[in-house]
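Single-structure report; data block below.
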C-alpha cells in the first residue's frame, strides 16, 4: 500500500479518494473547501492544511481539478512540484488541454519527477462505484507504476501514449460522445416526428449499424430505458456544461493543429445553445430537448 | 415453400433471390437487364418476360429497386398491382421515401392487396451471406406473413410500425450511421493530428463512451482493422453515393415534418463534398479521406 | 391598360392587386376567403365567383399562392389553364419549387399559353408600397410583356432565365439572406459577449467587408436601427416560417442537383430550432434571440 | 510630423511604413529580415539594428506582427516596453486575440505608457494604396492621438471601444466576411447547378436582400467581375490561411465567452478543408472551388 496525497475533493475527487482509502492506501487530503477535507478525514484520511502539506512525504500525488488554469496554477505558479519527493509519482486526473498537460509534465521532468496525465470518464456514478475509465499519457514505466493505484478507482486503465496523450484521447472520445448523443437525439426525434414509437426505433437502431453507446446504455429519450438520466428528469449524470467544456477542449486541439472537426464544432454549438437556454446543470442527454422543444420543470 | 416473384436483380436483389432459391422457394424473376435474369434462371428460377409475367400466380411478390420513382413507376404508372393475385403478399425491399411507400401501400390496399415496406441494411456482403437486416412497415399480420420469407435472406427482421414505418426507421438508422462514421473519422483524425496512434485511440474509444458500430466493426482508418473496406482501399462495402441517397431521404423526411437535423444535414453535405471530389463509388468509410486529404489511387 | 385576373388575395396578393387597380388596370379578383374578395371589390375590382370566372376574358392572369401544391392544384388538377384565353399572359408570383414551376409552365406551353414564374421579395411592406422585387423566369418576349404589368407593383424587375429560373434565383437569394441574417446575428452577439457596444460594432461592420443588406437596412439587434422589425419586437416583416419555407426550397433544390449547401442547411436548422421554440410568426431577424436566449413577450 | 518606430515590415507592414514616409514622418524601422529593413532605408527610413534600437527616442511606436505569440514575445518577454519613452504612443496593428491585446495593453499601462490595438483590414492592396481600415481599441484620448498617424495609412479609422475592442470588432467583422464569402459561393453554385447564369444571378443578388460586400466588390465566381482575385486565378488578395487564422480567433473568442457561433465555426471548417486541399495561399474567395470541385492549375 502507498502513501498518497490527494488534492481536489469535489464531486469526482471525493469518491475517488474514498475508494483509495477502502483499498487500504494511506491518504493525506487537501481541498480549498474545508468541509470536503473533513468528510475524508472522518473516513480515515489525514487532513492536510495545504496542497504542499498534503504532498509532504507522499509516494504518489494525485490531483483532480476543474480546468487547465487550476492545474497550471497549482503545479507551476504555486510550485507544488517543489514540495514533492523526487521518487514520487505524480498523477493528474483533471481533464485539461493537452498543451497544459505537456507543459506541466515537462516542468515535472525538469525537476526529476515522474508524471502522468490520467483523465477519467464514467462520471460521478463511476467514481463512487470505482468503475471509472482512466486514459493515461506518459512513459510506459510511469504507466505501469500508476496502473495499480488507478485500479483502486477504476475498471479500465488505458495507456494512450506519451505525456498529454491521455488528454488527447479523452478529448477525442468525448467529442465523439457529444456527436453521437446529439446525433442519436436527432435520429429519434426525426423518427417520432414521422410517426415511429421511440422505443421500437431505439430497439431497431441498437441492433443495427446506427448503434452506439447511447442507444445501448444511455438512451436520451424518456421512457425508453430505466436507470438513465432520461428516466429521472436528466438529473445527475454528466452535465451539459461538462460536455461543453470537453467540446471546447476539442475545438482548441483542432485550432492548434488546424484540424477540421465540422461535426464536433457543430455539436459544441448545439450544447452551447442548450446550455444558454438554462440547461447547463442537466445531464448531457437532455440535448434531446433541444430537438423536441420540451423544457424541464 | 412459396411461389415468389422477384423483380429487380441488381447488386442486392440478385444474391437475395439466390438465397430464396437455396431455401427451396419456387421463383419467377425479372429485371430490365436480361443477363441478370439469365443468371438466376441458370440457378433454377423461372425467367419472366416482364414484371407482370413474373407476378402471374405468385403468392409473394418482392421488389428491390433503386429509388422512389422506380417503385412508383412500376406499381402505379405501369400498374403492376393489377397483375397480382388478391391473396398475394407484396413486399417492397427498396429504400425509398416514406411518403412514396405509404402511397403505394394505400394503392395496394385499395385493391385488396396486403403490402409491406421492408428496406434492408447489411450491404452486398449481407445479401450474399443471407444476413441482412429487414426493417418492416405494415400491419402486424402482414409482418408475420412476411417474416419467414425474409428470414431466408436475413438475420434480423424488425417490425417498425404501420406502412412506411420501415422506411422511416431505416432512414433514421442510416442518418445516424452517416453521422457516426463521419464523427468517428474526425475524432480519429483529430487524435492523429495531435500525436496519437490511430490503433491505440480506436482501441480506447471502442471500450469507452464514444464506441459505436464503426469503432467496433468498420473502422474507417486504414491499418486499424482487417477485413474492412478501409483495409482494401475502400473497395466494395456501402458506397458514398448510397449513403448520400439515404441522407437525402432523411433531409426530405425532416423537411416534410419541419424537424431539425443539423448534424444529419451537415453529414449529408460532408458526403456530398466527398462525392463531388470523385469518391462516389468508394465505401462510405472513405469519408475519413476528407479529413486527412488523402486521395485514393 | 389591361384586363387582369388576380387570384390569391392574402397578405401579399391583396396589396399587389390594389396597386394594379391604382395603376388603372381593370381587375377581376378571386380568393377562397370571401372577405378578401369583397375588400378588393370595394376598391373597384370585379369580384369573381371562382378562379375560372376571374380568368374569363382576362389578358393577363396573375396568381399569388402559398406553395407548390396550391399552384399545381389550381393550374393542373383544377385545370385553370383551360379557362384562360390563348392570347393571355400567365404570371405566377408564388414562391414555389423550380420543378413545380417548370411543370406548370410546360403544361401552359402545351396549350399554347405563355407563362412566366415571377416570385417576389420585399415583404408586405414592399407589396403595399409597390416597391417589390420581381425575379422572372420565362422566354425573353414573355418577360418583356410581363414587365410593364409588374412595374405597377414593384421597383426592380429582373429576368433570371428560362421557365423556373425566377424561382431558382429567388431561392438562392433568400438562402443567402437567411445565412447573412443569422451570420450577422452571431457576429453581433459574439461582439457583445466580448464587451462591444452593438451600435458601434454595427456601424463598423456596415462600413467594412462584413457589410450586407442586414447591417445596412435591417439590423437584427434591438436599438441599433429605427424602423426595423427589431425596433418593434419583431412584429411584421418577413416571418421566420416564411424564411424556413424558402430554406426548405433551397434544400430541395440542393437535393435534386446533389449540391453542397452546408451553410444553407445549417441556417435552415437554426431557423427550424427557432421556429420550434414558438417564434414562427415573428420577423426572421428575431433569429438573434436564438443567440442571446431572449424570448419575446 | 512625428518620429515613428515601425517594427514588422512584412507584406502589410512594408507598404504601411512607406506611406508614413510619404506623409513626411521621420521613421526608424526594424524587421528580423535585413532585406526588408534595407528596402525601407533606401526609401529614407533609418535602419535600426533591433526593435529596442528602433524605439529609442520615438514619439510613436507601431508594430505589425503575425500573431499573438509574436506580440507577447516582443512587448513582454523581450520587454520592448522598457525601451519606449514614457510620453510615446504605442500602436499595435497586428490581428491577435483580444486577451493578448488586453494583456499587453495592461502591461503598457502599468509602465505609464499609452497603447492602442489597431488591427487593419483591406489587404496588401489597401496597404499599398493607403486605403486600409483601422479598428481601434483604447481610451478615447489615445484614439484621438492615433488617428492622424493612422490616416496616413488608411481611409476609415474606427474607435471600437476600450483596449482589445479593436481586435474584437475586427474578428467579428472578419468572421461575418468568412460566412458571407462561403455563403455567396454556395448560393452561386446552387444557382448554377440549377441552370442559372452566374453573372445574371450575381446581378440579381447584388440588387436584392442577399447583397453583401462579396456580391458588390469581390465576387468569387470567375468571369463575373473584373479586377478581383477570381479574375486572376485567385492570386493575391486575402489568403485562405489568413481567413482561417481570423476564424480561429473568432472560435477562441467564442470559447472564452461560451458564445454560440454555429455558422462561424462551420465556415472555419470549410476554409480548413479547403486549405488542407492545398489552397492555403490562394485568395479566400477561392472557397467557391470547394463547392464546384475545381482545382487551380
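Lettered A, B, C and D in written order, each chain numbered from 1.
We adopt the following convention: a contact is a pair of C-beta atoms (placed from the backbone, for glycine too) under 8 Å apart; a residue touches a chain by one contact, two chains touch by 3 or more.
Worth saying up front: this structure is predicted, and the values here are computed from it rather than measured.
Asker: Looking at chain pairs B-D and A-B, which one is connected by more C-beta pairs in contact?
Answerer: When the contacts at B-D and A-B are counted, A-B has more.
Asker: Just how far, in Å, is the C-alpha centre of chain B from the one of chain A?
Answerer: 38
Asker: Approximately how many whole Å separate the CA-defined centres of chain B and chain D?
Answerer: Centres of chain B and chain D (C-alpha means) sit 50 Å apart.
Asker: In chain C, which residues are in touch with two or more of the other chains?
Answerer: Where chain C meets two or more other chains at a single residue, that happens at 258-262, 266, 270, 273, 276, 290.
Asker: Based on the touch definition given at the start, go ahead and assign the chain network to line, ring, star, complete or other.
Answerer: complete
Asker: Along chain A, where are the residues that touch chain C in the complex?
Answerer: Interface residues on chain A, with respect to chain C: 262, 266, 273, 276-278, 290, 293.
Asker: Can you list the chain C residues touching chain D in their complex?
Answerer: Checking each residue of chain C against chain D gives 98, 121, 133, 135, 156, 158-162, 164-165, 168-169, 171-177, 179-180, 182-184, 186-191, 193-197, 200-201, 203-205, 207-213, 218, 250, 253-254, 257-264, 266-267, 270, 290-291.
Asker: Tell me, which parts of chain B touch chain C in their complex?
Answerer: For this pair, the touching residues of chain B are 244, 248, 251-252, 255, 258-262, 265-266, 268-270, 272-273, 275-276.
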